[in-house]
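Note that the chains take the letters A, B, C and D in the order they are written out, and that residue 1 is the start of every chain.
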Amino acid sequence: MITLRYFASLRETIGHSVAQINIFEPHTVLSLWRLANPTLALPENILTAVNMDYVSLTHPVKNGDEVAFFPPVTGG
Amino acid sequence: MITLRYFASLRETIGHSVAQINIFEPHTVLSLWRLANPTLALPENILTAVNMDYVSLTHPVKNGDEVAFFPPVTGG
Amino acid sequence: MTVKICDSAFEPFIEIEKFQHGLALQGKFGATSIFIGTMRDFNNGDDVQAMTLEHYDGMTQKQLAKIIVSAKTQWRILDCLIVHRVGEIFPNEPIMLISVWSAHRGDAFEACRYLMEELKANAPFWKLETLATNKTRWVSNSSF
Amino acid sequence: MTVKICDSAFEPFIEIEKFQHGLALQGKFGATSIFIGTMRDFNNGDDVQAMTLEHYDGMTQKQLAKIIVSAKTQWRILDCLIVHRVGEIFPNEPIMLISVWSAHRGDAFEACRYLMEELKANAPFWKLETLATNKTRWVSNSSF
């Protein structure tokens, strides 16, 4: 099972902050998004992290990972 | 009358911190030093100020000025 | 090297002084460089009445730890403290602080600036502003 | 824009907080960049037990005022505070502080660094160290 997290404006667009999904085939961050959000194209400029490290959309994911999607950060 | 001020290690070398001298001819900072300290060559790397602004050794001085001589600064 | 995430107001000078008092390196640091970010009552030409800072708990700490390790490879740092507020913040309240202690000023200044730029670029915080008009908006990175 | 010369110990965080509390620009500053110089117990490989800071009273204030004017022409500064100690100082005591308030971090960081470098180069202060051996020596600029 993979935990998906959404933050900030993307969390509002999606309507929830956490989702969980089981995968039975190899997936990347991008294909995982499509699996979890089949009717919503991934917005431009979205950042992605796997297990709290920044990764690209082609990064592989596996059950047990935490995969996060969020807009550019603005802290400080 | 011109007031001469010496600071830090130069003050110790000279043996006093303030001196006063009247000039009756045109002088520069360097010629004023020679007038005030005839037996002591101006040490290398000494900085000079007239009326609390940095100047070069060729800067003219006049009665009423405050002329200071000091080693490189090390504050902060 | 300490990172603190606070969900209520903090006093930056008290945080720094307390931390400094506990440093083992008394007499060894000649230079302290500090940056404090404070909430303004305006942004992008609009009056702002409040802000909510969201973050990715866990990833924030992981990213800040990486940034500090990276700074330590580049400059001689004796210690550093990062405190970052989350939750609802009002104008004039501190948002974050970075403080770096080192023997010499070059290391302190440069590491502090580096930590701040890396924090802005990589730490997962997001600002939701409430304007004077009661409208809310997410702050985009380009506004800074 | 305030310059203070102190002939006894000062508390940097209290100075900054008091000054900041009195700023007319509450809500306008988003960035505060601070540098604090503290006396170390070593220098150039020797243990140091005390230091006497001599300065050229009057010229110090004139030079620091010029440096601040120059910084204001280069960066958007809302306010700044410089406090510098003179007289006898012991390890771990603050020597000086520079604090710059501005709307944005670039101005605060760069102006603070500039003020510090200009102060080191142009403000007429001289350090006389008393080593652990009781020998005294004037600090040359190159040691920093």
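By our rule, contacts are C-beta pairs under 8 Å (C-beta built on N, C-alpha and C of every residue); 3 or more make two chains touch, one makes a residue touch a chain.
These numbers were taken from a predicted model, which means no experiment stands behind them.
*Asks:* How many hops, at fewest, get you from chain B to chain C via touching chains?
*Replies:* The fewest touching-chain steps linking chain B to chain C number 2.
*Asks:* Give, as an integer number of Å, the spacing between the C-alpha centres of chain B and chain A.
*Replies:* Averaging C-alpha atoms per chain gives centres 72 Å apart.
*Asks:* Round to the nearest whole Å and give the separation of the Cα centres of chain C and chain D.
*Replies:* 23
*Asks:* Whole-Å distance, chain A centre to chain D centre, using C-alpha means?
*Replies:* Roughly 48 Å separates the two chain centres.
*Asks:* Find the geometric centre of each of chain B and chain D from their Cα atoms only, then give the gap between the two centres in Å, rounded to an integer.
*Replies:* Roughly 26 Å separates the two chain centres.
*Asks:* Using the touch definition from the top, which residues of chain D touch two or more other chains?
*Replies:* In chain D, the residues touching two or more other chains are 37, 105, 116, 144.
*Asks:* If you look at chain B, which of its residues touch at least two other chains?
*Replies:* As it turns out, chain B has residues touching two or more other chains at 76.
*Asks:* What's the complete list of touching chain pairs for this entry?
*Replies:* Listed by label, chains in contact pair as A-C, B-D, C-D.
*Asks:* In the complex, go through chain C and note every residue touching chain A.
*Replies:* 37, 53-56, 58-59, 62-63, 84, 95-96, 116, 119-128, 138-141, 143-144
*Asks:* Using the touch definition from the top, list the residues of chain C that touch chain D in their complex.
*Replies:* Contacts found on chain C: 13-14, 16-17, 26-42, 91-92, 103-105, 108-109, 112-113, 116, 144.
*Asks:* Under the touch definition given earlier, write down the residues of chain A that touch chain C in their complex.
*Replies:* For this pair, the touching residues of chain A are 5, 7-9, 49, 52-54, 68, 70-76.
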